[in-house]
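Please see the structure below; I have some questions.
Order as written gives the chain letters A, B, C and D; numbering starts at 1 within each chain.
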């Protein structure tokens, strides 16, 4: 079977990066103890501890749905609630997984106008009700970068963490693209997580270049109590764990985690630069990480589809393009050219009719 | 890192077989649509349909815990119950996963004396209570081969299916090592599943030579309604699905699924033959698939451990050895020699004292 | 202990009406079989069947939280969703009970501007997403009358039911004050439920004059399959069931269910009439059932509190007054007088300053 | 409707005792704040604090299924397990409620030979597994008196509590008939609960003479954190709470709780004394509380049924008779006479044929 031409509809369209692949191959050289009691898993966990400069607890699970839902379930009882942005993936794209894993914890969703959570929003949501007829707020979750490609600054994260501590809330970070945020901010993983006040981080491997797998990282070890049982019961304990953990060694020890993210971010910036000023094209959100969200006149998106491009339009009515570790700059340029051409063509009749 | 010497404590200690690896590598050659809407996933599902000679519904999930628990949850409501053997993995080794995924379905466990379920046991368990103070039986689950390495004959499966139909119960087969059962019986997958009356089969890929992944196969498509939503919500939808599905192409199209299983079975038979008659050594169960369960006098197991062998002893107090696709016959012979030596050494003082 | 002066903060402040009490007392005259297999329970269920002119399935549970949550759980799987208004009690005041009982079903909440669901809103919500990353809509729930005291007309219910049928959705009615809706519309229970297309109705007894208890009524018996098991498992099967069912006999056979509701509605109308035109006082919603929602200038509500009145202000920022079967018209008049006095006093300085 | 002749099949067949009824009637004299913020509920909770000589946390729920399941859910996460006797009501008669409320906690059931849990059994069950593939033991639950009418002595409870503390387990007591145990032992509620090491007690009101309702009592207030939310979400918060709490005032302040229990126990002893020595009649368990379990020759139970007696036979194959607060001694004597007559008749042919 042949692969289709590269698309930028999702960073999940990408394959496995060489560094992850190589370590998976090495791990496949022989026999190893099952369920994580093997040398690869230990080394991968240690690699995280070094990366985060912290003796944290690290768990490897299969995907982001499970990573975030299990982490939230560990922080909540069923009658608690989780404060999140209206665009939060846990709210919009997990088919009720957080509610399922927690057996009912409700998401308290911020007004949709705000793409990021803020201390003020958290305060309002947390304080809106305090009677037992409404779930008790217990956790704040932020996605870093957001699903719309915005990056919380260190100060923004710190301010959110401060209000969480004040209100007795835990702070969870959905880091499906955590590496991209580090790359964007130029800060260390430690600075952007526990040093900024994050209690639990889900560090995404899939979108960072792996086949599958996310790391759930508890900076406060007390919060990780019995989390291994929780993973097992929820179908998230890999029997041949080394194939889930070894790729992380490749990612972290080689620095690919950051290189891959920088590349994705750079491709997004490249596209943004190349199409800036095209007639009728506007950016729905500032381009800060590895995605570009466009609004475009009628016909432009249709024309792009006609030219073979795939993209999602479920956010803000515009088109989303996302760039993974393997995004081919030449292909990005093709996309830019097609966008400019489509925009120009759409503008033409208008200009004509005006003229 | 170097791999330790091969062990037979579990068939989860094995790596990825060449056929699965090669297809995963091919799948990694470029970009592909996420969440299973890709060519590899379609081809893998079709390969199952051909293998089973049936237009069945096929879902790919990460592991056996999830495969079995989701399948049972699809067949049950929370107030229903699942009839199983006392040695069933869902009862003994899933940390309550079936209860978690179903939100409370109880397992009705057969008396421990019987290693297999029988029509009589099912009838007794299903008929023991019919009031609303006890969960209503809805599903029978059998593990094929059993956790103790026994293989249900085609007639046994058919007889169980007949009583299920009579009592209005669905029949689920935990096929973590389904391939080994086919190999042992010399029958086709179709004969051993839907033609024998099985409604849903979880076909194990991990123990068959893959990195991870099981296929949940619904022979009655009506039972699969919305199962894709169920998988998604439960954290079992892979975003880069092709890496979970492509290995199946390698396994099924090349025939590795059966070759691997035959090899495992043969290694078990090889060990059994080599140690038969060793003093004090007895088989806890007939050796029918890829495992050997031994009982041995005091000291023999300790001696084996001293010689570096790893094995589990949680079933029946004896030692379990399991043989995967990569079991090295020479290493099997080493194990056999060590068992014989340890058995002889243990018997010596006894013989001396008798003499 | 003495009872405080009557308050209208909630119709849950009322006691047990004489008709319910008398039948409970009769039921207490001797011994009866437990768990609903008694003559009172049978007679109560039959009374519902007569009232609804339909051979429906009737279950008696302890309260409305459970009634609605169990009914929705019976209609949904965990990965399904329930369409409701933003003011729906299941969304705003059940502490996540629907999500808990269903193990994760999400509520799809209509935009808050609309106090009632409409076919258009349902169509929009049901059609907003159709991918497996979002829970699949399965049920529409409407509260009749709404939490803000509005009554869906027969035509409105029929139109909602029609769109439900078209879209493959079930229609659930939260009838915590169903009797008040019947009283307001002057229609029969049958007309307002199954004849209008309602699949499952939760008929409230508590707010209608009982100590506790709601009836879950399935007009399509197939939907009630194993619902008795569901109630039992969820802690909603009363052992001395007759004390939950007998009061219904008193309510239904005597006609108290309707008399009580009419009285509550009449008291709301009485208050509304008495305060209409008071300076600065406005009705947040039309007064159609047994509640009155007021907006009032600063100081008026404080003054009412100072005069000893209790009321909730969590809806729309105004004050809610609700009238139960036992509302004393003289006390309603006292409230009206106090509202007028407080309004006048608050208007005084304003008028003075204007003058 | 007329009441049938008194039966002793269950103590749930009894009605409401005068003391509970009277207080419920007083509570019905007027209006009261909803959801437990009323004077009756406060006074009932205080009555428990006085009775237990402890500033404990008290919650009123509708029935025993909920009381026990919620208490266990508060002590467990879904991946924990609960150690119980094989005859424990939570295992045999709750339709999977504990698993439902906890979202999957498994019950670790003692071997069926033992009617009571013992430190040795707990130690064995708690120590049987310590890997993450099996739920982690967290709670021990004992029913006092047991479902078979046996009463744990103070020393037995203390010994169980000691092993719980040693193993890091919490101790829950299902006290559906706690009053009967106090009556049987002649000890104080405090002695039999927290002073003996019980962490949480479910004190049964229904079988003690109320219409419905159990009190969940946390002696360690930290364990009760947010339990009010848990009750609400699970459909166990009564809106007109006073009708659930006021009867407790009648029970506790008047001493009826103990009088009722003593009467039930005395009736059981009366029956036991009256039939002791009847040919072929044997007691399946020592008669220590308010139940009598009989084994009897073929035909005796049929004859009793023929004479109109109702009883359960699902435990041990014999007949269970249970005596509530309202058991009529004359009716107990009728039962005794019928048992003796049936036994004699059954023995007759045997004796004839022997002669």
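Everything that follows uses one rule, which is that a residue touches a chain if its C-beta (ideal position, glycine included) is under 8 Å from a C-beta of that chain, and two chains touch if they have at least 3 such contacts.
What you are looking at is a predicted structure, and each value in this text was computed from that prediction instead of being measured.
Visitor: Kindly list the shared contact partners of subunit A and subunit D, in label order.
Guide: For subunit A paired with subunit D, the chains in contact with each are B, C, in label order.
Visitor: As a test of understanding: of all chains, whose mean C-alpha position lies farthest from that of subunit A?
Guide: Result for the farthest chain: D.
Visitor: Roughly how far is subunit B from subunit C, centre to centre by C-alpha average, rounded to an integer in Å?
Guide: Distance between chain centres: 51 Å.
Visitor: When the centre of a chain is set as the mean of its C-alpha atoms, what distance in Å lies between subunit B and subunit D?
Guide: 42
Visitor: Taking each chain's centre as its mean C-alpha position, how far apart are subunit A and subunit B in Å?
Guide: The separation of the two C-alpha centroids amounts to 35 Å.
Visitor: Which positions in subunit D touch two or more other chains at once?
Guide: 35, 78-79, 94-97, 100, 103-104, 132-133, 135, 229, 232-233, 237
Visitor: Chain adjacency by touch: line, ring, star, complete or other shape?
Guide: Topology of the interface graph: complete, with all chain pairs in contact.
Visitor: Enumerate the contact residues on subunit A facing subunit B in the complex.
Guide: Interface residues on subunit A, with respect to subunit B: 1-7, 9-10, 12-16, 21, 24, 26-35, 39-40, 43, 61-66, 69-70, 94-97, 100-101, 103, 206-207, 211-212, 229, 232-240, 243-244, 310, 326.
Visitor: Enumerate the contact residues on subunit A facing subunit C in the complex.
Guide: On the subunit A side, the touching residues are 78-79, 81, 92-97, 99-100, 103-106, 129, 132-135, 314.
Visitor: Which stretch or stretches of subunit B touch subunit C in the complex?
Guide: It comes out as residues 35, 77-80, 103-104, 132-133, 135-136, 226, 228-230, 232-233, 237.
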